[in-house]
Amino acid sequence: MDAKYQEFLMGDFSQGFTKYIGMEAVSSSDGKFESRMVITENHRQQDGFVHAGAVSTLADHTAGYSAFTLAGEENQILTIEFKINFLAPAHGDSLVCRSEVIRSGRKIMVTESRVYDVNGGEEKMTALAIFTMAVVPKKELVR
Amino acid sequence: MDAKYQEFLMGDFSQGFTKYIGMEAVSSSDGKFESRMVITENHRQQDGFVHAGAVSTLADHTAGYSAFTLAGEENQILTIEFKINFLAPAHGDSLVCRSEVIRSGRKIMVTESRVYDVNGGEEKMTALAIFTMAVVPKKELVR
Amino acid sequence: MDAKYQEFLMGDFSQGFTKYIGMEAVSSSDGKFESRMVITENHRQQDGFVHAGAVSTLADHTAGYSAFTLAGEENQILTIEFKINFLAPAHGDSLVCRSEVIRSGRKIMVTESRVYDVNGGEEKMTALAIFTMAVVPKKELVR
Amino acid sequence: MDAKYQEFLMGDFSQGFTKYIGMEAVSSSDGKFESRMVITENHRQQDGFVHAGAVSTLADHTAGYSAFTLAGEENQILTIEFKINFLAPAHGDSLVCRSEVIRSGRKIMVTESRVYDVNGGEEKMTALAIFTMAVVPKKELVR
């Protein structure tokens, strides 16, 4: 991707739901994207851990933007399905997510996200997810 | 479950992350749970659809509470992993989720969620998810 | 599908790998397919249970043929990905699989399989699986 | 694991279903296992590709044996669930599978398999899978 499109993606990342729950873009390159989310009381579940839904959203959205870096500006990315394993409950002060494209097809991309629980600067992998994503020409997206 | 525990679960459902994003309990019975989420601009993604992360959170949390109805009051439920298929983008005014326990084991429960996009009173299934959940004695849960 | 294509699918079901491991078509209708596999020592793993791979193959292939019933004769079906939960180890004398199409799209189909362990005539669900399948025009399939 | 147990696992790998379909152990170390399967007409599906079920069986079984290397001799490994993405159809002369343990818990292990299509000595990744496995004391395994 060129520098201008990269800048667009970095800014486009936080809006609507992802902005509301505090997700931010950190860095990107061809086929890769990194993000973070500072954890507040608004992210926790009944046991005080970060909610699996918040972890999943970070994993999904960041994986989607890793796909955008390879998809071409004329295309949109939609998640067809994903699978996520929670390796250990997250209870740190922030989450970091690193995503990459595993297979880049013309119509289908397979992406992976690894989410890390950050506690006082120390990282521990909290979730591993694999996504199947559709590459859809923007002009075909009908709402 | 007895009526008192059912009342507790219905109230316990919305707190922290799930309260922040507007999820509400609708009804419950042994092995089943139903919930809803009124959609606002805070739930959407870059194309105007409900974000896959919001759909996933509703699916996961409701499935977890369907497991709670069978797990016994001394136990906590943690999601080990899940898989979700997005059948069609959701763009309605609310989502409804119906979850049920597929297999109830002493240590592992398998649950399923079906999420419906509600548009002017009409329902359309937007996502189907299967979860593997751990039944953990509350006293063993260390944060 | 018409009767002639249905007859073709019922016969086409067992060939190569699926014939080698003893899978047979039982019945089919629009969006549905049922199959069975008589269990022998060739299907078991180190503990005497039916191997998860044999269960998965039955689930995948039958789900694929449920998709064929709706896909049109000019199309081929390829599994993009699947997820399978093993609900209880199978140790019976045969397996039965019932599959159905959950969402039928022009390019993508989502299908579900339920595999039952049959022991002396009694059925018990042993696995639940969800599949994402691609509908590919036969003329585009290049080997 | 000690050398004697490693030797046992390497030999234990091919039996029943896995022997019947031609799977062989190649190498192992703590948390890792590699296997292969020479492709014959008995592994193919209706389009001439290696059947997704054969790929899945290789992925599952090899992942299970990577878990055995860390589980202790008194324990058995059972697959609770897995998810597999097929990245490209396999049509080579053999498959190679490399598996590793991603998270090793006392009761639950998460493992990953990468399956490669080998064609005239050249490898191409054909499938990526993640598994949730239960560590079960052998004495608790009742058939």
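In this document, chain identifiers A, B, C and D correspond to the written order of the chains, with residue numbering beginning at 1 in each.
To be clear about the criterion, a residue touches a chain if its C-beta (ideal position, glycine included) is under 8 Å from a C-beta of that chain, and two chains touch if they have at least 3 such contacts.
Predicted model only: the values in this text are computed from it and were never measured.
Interface comparison, A-B versus B-C: the higher number of contacting C-beta pairs is recorded for A-B. Of all chains, the one whose mean C-alpha position sits at the greatest distance from that of chain C is A.
Put simply, the C-alpha centre of chain A and that of chain B have 21 angstrom between them. Measuring from the averaged C-alpha position of chain B to that of chain C gives a distance of 29 Å. Among all residues of chain A, those that touch two or more other chains are 80-81, 83, 85, 110, 132. Against chain A, the residues of chain B that register as touching in their complex are 12, 15-18, 20-21, 41-54, 56-58, 60-61, 76, 78-86, 89, 91, 141, 143. For chain B in complex with chain C, the residues that touch the partner chain are 83, 85, 87-88, 102-103, 110, 112, 125, 128, 130, 132. Chain C meets chain A in the complex at residues 80-81, 83, 107-108, 110, 132, 134.
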